[in-house]
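Next come two complexes built around chain A: one with chain B, the other with chain C.
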Partner chain A sequence: MEDSEFEDVLDDWFIESLKTYKDLHVYQLEHPTKVIEWTSEKTVCVAGYTSSKNEILELRLPLKLLADKNKGLCAERDFKVTYGGFTEGAVCCLTHVPGTRCLVTNDGLSSDLQLWELGGDDSDVIRRTGLVQGRSLSDGGSKIAAQLSPSPQVLHGGLISDVLLTELSSGLTVYKLETQSSDRLSSLQFESEAVFLAGCTNGSVYVADTRTSAAPQLLPPPESSHESVQWWADVCAGPHLSCSRLIRLSSVGVAVVSDLRNAGTSVSRAQLDVNAQRSNPDIRVCWSPTLHDYVSVSGFGGVVEIYNVSSWSTDSQVVAESLFQHRGHAVSSNVDVSVVVTAHTWHPERPRTLMSAASDGSVHVWDWVEPHQSA
Partner chain B sequence: MTCARRIFIKINVIKIGRTVGACRRFFHAELVRHESSGLPIVHHNQYVCELPVNHRFPMAKFPRVLHFLLKDQVITDKQVWAPKIPSKELLSCVHTEEYLQNFINGNVEEKDQRRTGFPWSQGLVRRCRYETGGTVLAAEVALQRGLACSTAGGTHHAFPSYGSGFCLLNDLAVAAKYVLNNSSKRKVLIVDLDVHQGDGTAFIFKEDPSVFTFSVHCAKNFPLRKQQSDLDVSVQDGLEDKEYLSTVEAHLPHLLQTFRPDLVLYDAGVDPHQEDELGRLRLTDQGLYQRDLYVMKTVVSRGIPVAAVIGGGYSRDIDKLALRHSIVQRAATQVWRECGM
Partner chain C sequence: MPEIKVTPLGAGQDVGRSCILVSIGGKNIMLDCGMHMGYNDDRRFPDFSYITQNGRLTDFLDCVIISHFHLDHCGALPYMSEMVGYDGPIYMTHPTKAICPILLEDFRKITVDKKGETNFFTSQMIKDCMKKVVPLNLHQTVQVDDELELKAYYAGHVLGAAMVLIKVGSESVVYTGDYNMTPDRHLGAAWIDKCRPDILISESTYATTIRDSKRCRERDFLKKVHESIERGGKVLIPVFALGRAQELCILLETFWERMNLKAPIYFSTGLTEKANHYYKLFITWTNQKIRKTFVQRNMFEFKHIKAFDRSYADNPGPMVVFATPGMLHAGQSLQIFKKWAGNEKNMVIMPGYCVQGTIGHKILNGQRKLEMEGRSTLDVKLQVEYMSFSAHADAKGIMQLIRMAEPRNMLLVHGEALKMEFLKGKIEQEFNIDCYMPANGETITVSTNPSVPVDISLNLLKREMALGGPLPDPKKPRTMHGTLIMKENSMKLVSSEQALKELGLNEHQLRFTCRVQLQDPHSDLDTLHRIYTHLKSLLKGYTIQHVPDGTVMVESIVIKVSSSAEDPNNKVLLLSWSYQDEDLGSFLSSLLKKGLPSGLC
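So, the complex of A and B:
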């Protein structure tokens, strides 16, 4: 596209965004990230994924976004780098241990994890403090989850047979998942202090209780008419008992919602209108932490989509319509290769605030307007 | 005796009526204020229209500007002139027949509506026309009285055949063209200090040597696709009061000296303010006041009439925004006083 044509597109997008967003802030990283992890309600961590040295950064959100009143008084509309460090390899997974200044990363190749500390000793450096060894000898990296109690612990593994729960202070293994299968993991998540879910790329989900030595409960993959699809999962583990749902999304856009309280029976399904040709390991599906029934999806292209699953039925033929599409990354990228959203996340408290990153290094934080309320 | 007196009086009345009628012909106004010796302010209650709930454009600001000027006793209502709605013919000195026809009749495509930022409505058409009429009247009154301000205006993103960025008719262009076509005036200078480039105005007068377009704007703001004014000064993000004023001071006197306009149209946009939601500069209230005072005093002291419009400003706090917009009328009041107008 010619420069002036592209500027026109951006100008059109700007006027449109005034209507569709309450706020929209755009930032450009030197190198793209595949991870966005909250370290507080105002700060996130991102990191590069090239095969050699990468930067790992903690960014503070623009003050203008965070100020609900007196928005005008905040001149600062940019992200600010608060802490930084360097890694030896790519960062494909990054998890913050809640309540600490500790980060855990994995390079997507080996099963070992790197431990980091943010700042400390009045410095603004993110420095390596240790290593957690994984169990697996196979390639493909590990997924990570972390929790603070009963003590700071990290859950990790690349295959379902390698999953370990490691206590950080001692380095001791607190729990080992014993299973015969060796399915590759696509997600690892705590549902509560003692229960975690391990989602596999073949669509099956294991529910394990770390207090018992009993075998984990296995939820079989959703029915799918497609061969060789991959699956990603997210569990909605709100403080209310009623909210214990699982969503699974396939690489061809089939989305299935299941009720964990009811042995994982399928509650609803939908076909999402996605570009299924792309096989992308960075597909993400997330429940909103605050809005019941809201789910976000990215990784199929340059767009992040938000859905309200309450309108989904059990008929999987129905193509679900998204409630909102964040097209900022796709619109503002003027490169020949289509840009892909590599990561996104909901703000832990602000209901409609999300953050997204794309393969061109762009990072956006946006506060979207519910469509029926907009102009 | 009685008959004679009646005839005498009748003759007198006709004479007066003719005079008043002649004055009325010079102004596109619904309400004129010949008897007031104060700064002329142009306002119409039709400057506003209904917009969908939560629409970003701060439509409510226009009546609030007048409200604060009256409440703070900067002006009295005796100074307020009201424009007449401009005819399609008047608007066609800038806009194409096709565009005007479609615009007035609501034949606007969805994608064109989107670029303007407004959903089309009859009310929208009416308020845009009155706003343009307000700028035309301000120009007419400025020519007679030396200085005048509208409580709206500055729709500089409108092009002859399409609207953009909350602008549907280019009021500054229509006012400039009207003055040139209907008076002995030969040159108009448009000083556009809104933080967004006056791209529509620049385009309209690109080949026209009788109108000089001067725009000071932030490079990174909308529109990214810039047009070419006669003089564009593109500034960096974060510019503050002192440097901003120096920038204006570096160009204005020279322009007045070399171009020698017969009229200056001044877009006093407040979006360079640090609290503006869309602008990227850091001016304060004082900075805006000093800027407006400088521009209007510099022009008036050279004996050149100036008509000011409020230009752009974006904030969710309508009262704060309206107060900010009222700065130009306050500065104009001071100029009016100091220059003994």
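So, the complex of A and C:
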């Protein structure tokens, strides 16, 4: 693309954005990140994933974005690096342990975890404090999940058969998932204090309770016309387990919503309007923490899309159109290689604020406007 | 060991009031002379008593360098030169020299006329101070004296902002001032040679930030203006004639064109004349796009932007007005503000910093009732927006500059108190250099390894060539022999013959002799021959001669044989060599002490 042509496309998008976004902030990191993890409602962690040395940064969101009163008087719109640290390897997975200043990372190669401490008041350095050994000898990295608990502990594993709950202070295994299956994990998360879901790449999801050693409940993979598809999952916790909804998304863009009460049956499904040719191993599907029925999807090229699942039916053939599309990463990248969104997340409290990162190192924070609300 | 000393008087770990002292090669330099905008008392100026308790600064400083016209970098200049006392040269670029006195005068007016402070510098002092200024051109080396030289580089940031390379002999320091590594609508990006200074002194105000893109800032500006226009409001943008006004005009013009907007945009007339004047003068300091535009048309010939007349302020309907001054302390911008302040549909957008005591400063602090002259109060109902367009290097920019200049040491000033350990570690790891962050009044001393230049005589080099051996390899040291002559302030390496000649000295010969006893049942002549054969087979590549007078010569080493009177088999070898062949001589003596091999004929 010619420089001037590129500038024009970008200008057009920015003019359009006056109506489609309430707030829009565009940043450029030195190195791209695959993780965006909230450490508080004002701070996030990002980290590099190159094969050699990388940095973990904790960034404070700009005051202008977070201000509700006197927003106009607040000129501060930059990210502030509050803490930073150096890692020897890639960071492919990063989880903040709630209630602590502790981070747990995985390099995407082994099942071992690295532990980090975000420094105190007198230092801005993130220091490595320990190591948790994983159970798996197979390579491919681990997924990590953490939950607020009296003694900090993390759930982790690469295959469904090596999922462990480890107490951080002692390094002791306090729970082990009992299963013979050796499917690879694509997602791992707590649904409530003790109940967690482990999603496998083949689409099956295990629901287990860390308080019992009973066999986990198995949700079979959704029906699929493709054999070689991969699946990612996200669960949206309701007040009770029965209200919790699960969404599974495949590499060809089929999304299936099911509720955990009727584990086998899907509530609704849809073929998403995504470019499935452009899929990569970093597909992400996330329920909005505040807006009922809203999910966000990234990993299919340079966009992040928002869908409203309430309009979906049980008929899988229907192509669902997105409610909103964040094209910012694709539009503002002037590199020849097409840019891919590597991570995105919803703000835990602000309903329409999301943060996304792409393979060119760009990070966007955006507060979008519901299409029918715009003029 | 030679060293460079750096002491921040104002900037270290404290935003505002930039002032740094550097001692390099026996020269003392003051970098910037700024004021702190947050204080009204003594703390607003740097503590010059650090330099001298009483008396003038002229005796202690070789020169003062001002990086750009912002008051936190030049606001204390008239106080320093006229009230404390400094008569030496003050260096700054042409645009800074033109704009700095205007800003100082504005600042003086606000402080003395509005706030009624006494004991402050006067208009005359500003003028007298500016007489001491020596202008700098970009990339031009300026000789302050025989030893101290300066060179300015483009820093972006604001019109005329410069980074300065300071050099004494082979020692050097670069001071960046405020700089910006990404070009914008009217300025280019900072650039510097790979000059490998001993110390790079950089600002670090934004060292721990990741900057929001310029486009998002512009987007917010357009969004605010547009919202206000849509609801029928009037928008006032108080600007400094040479700040970002041009940039914002270009932006609005483009936006109006694209959106087909009809609301009028005005700018106050004083603004255009002044700005055009300066832009004509300093067009080389802007970016390429502006330079091109300027060739085609006047900077202020816009399609949608027209000159303002004071009567327009009362016109009904939406409009946008750019007016001076930028801090709402006097003049047209204040007049318009008073007229529009009571209507909540209207908006004022403050695109820059405001000094304490100005209306601009008050409304930015959220004040909604203003006391005006004549005891009247003004209710501020209009919307107040603060937008910062200042262009500073962020964490990535600092790393880029280090990569560009390749300094041997890094020194960060102008930053926050403690918490920069991570950045320090990052710089030290990535570039393998030391990084310092001194506090105010704290001196950092950096040892330098200046190279000592020595002239080598051509003869010596030619001789070295003639001796053969491998051609010189820049990666490997090579030993050369010669005589070092230190004369006055120069040094040269010459051949010893030339040194003798030049210094009128006689050459003395120094010889070593040594006796070696040997058991060899042959005649003296045969023994000598056996020695000859032995050495000939061992010492390949040496000149070995059997001279008929009964000696063997290896290079300059002479070997003679005699036998003792008591025992003819007990031979005594006499070796003698000159000082220059000491290595070979002692080698031969120890070799011959081991005796001769029996198999020799």
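What we mean here is this: the second predicted complex is superposed on the first by the 365 of 375 C-alpha atoms of A that agree within 3 Å, B and C clash if a C-alpha of one lies under 4 Å from a C-alpha of the other, contacts with A are read in each partner's own complex, and residues count from 1 in each chain.
Throughout what follows, a contact is a pair of C-beta atoms (placed from the backbone, for glycine too) under 8 Å apart; a residue touches a chain by one contact, two chains touch by 3 or more.
Because the structure is a prediction, the values reported are computed rather than measured.
Clashing of chain B with chain C is the outcome of superposition onto chain A.
Shared-chain residue A:Y175: touches no atom of chain B or chain C. Using the contact criterion defined above for the overlaid structures, shared-chain residue A:Y294 touches neither chain B nor chain C, since it reaches no partner. In the superposition on chain A, no contact is made by A:W346 with either chain B or chain C.
When the two structures are aligned on the shared chain, A:E16 is found in touch with chain B, with no touch to chain C. Taking chain A as the reference chain, the count of touched residues is higher for C when chain B and chain C are set side by side. Listed for chain B are the stretches 19-27, 55-63 or 181-189, of which 55-63 clashes with chain C, judged after superposition on chain A.
Shared contact residues of chain A, touching chain B in one structure and chain C in the other: 10-11, 14-15, 18, 72-73, 75, 77. The touching residues of chain A, counted against chain B in their complex, run 4, 7-8, 10-12, 14-16, 18-19, 71-73, 75, 77, 369, 373-375. Within the complex formed with chain C, the residues of chain A that make contact are 10-11, 14-15, 17-18, 24-30, 53, 55, 59, 62, 70, 72-75, 77-86, 122-126, 363.
The part of chain C that touches chain A in the complex is made up of residues 206, 208-213, 215-220, 222-224, 226, 254-255, 258-259, 364-366, 383-388, 394-396, 399, 418-423, 425-426, 429. Listing the residues of chain B that touch chain A in their complex gives 51-56, 114-117, 119, 164-165, 222-225, 238, 274-277, 280, 282, 315-317, 320.
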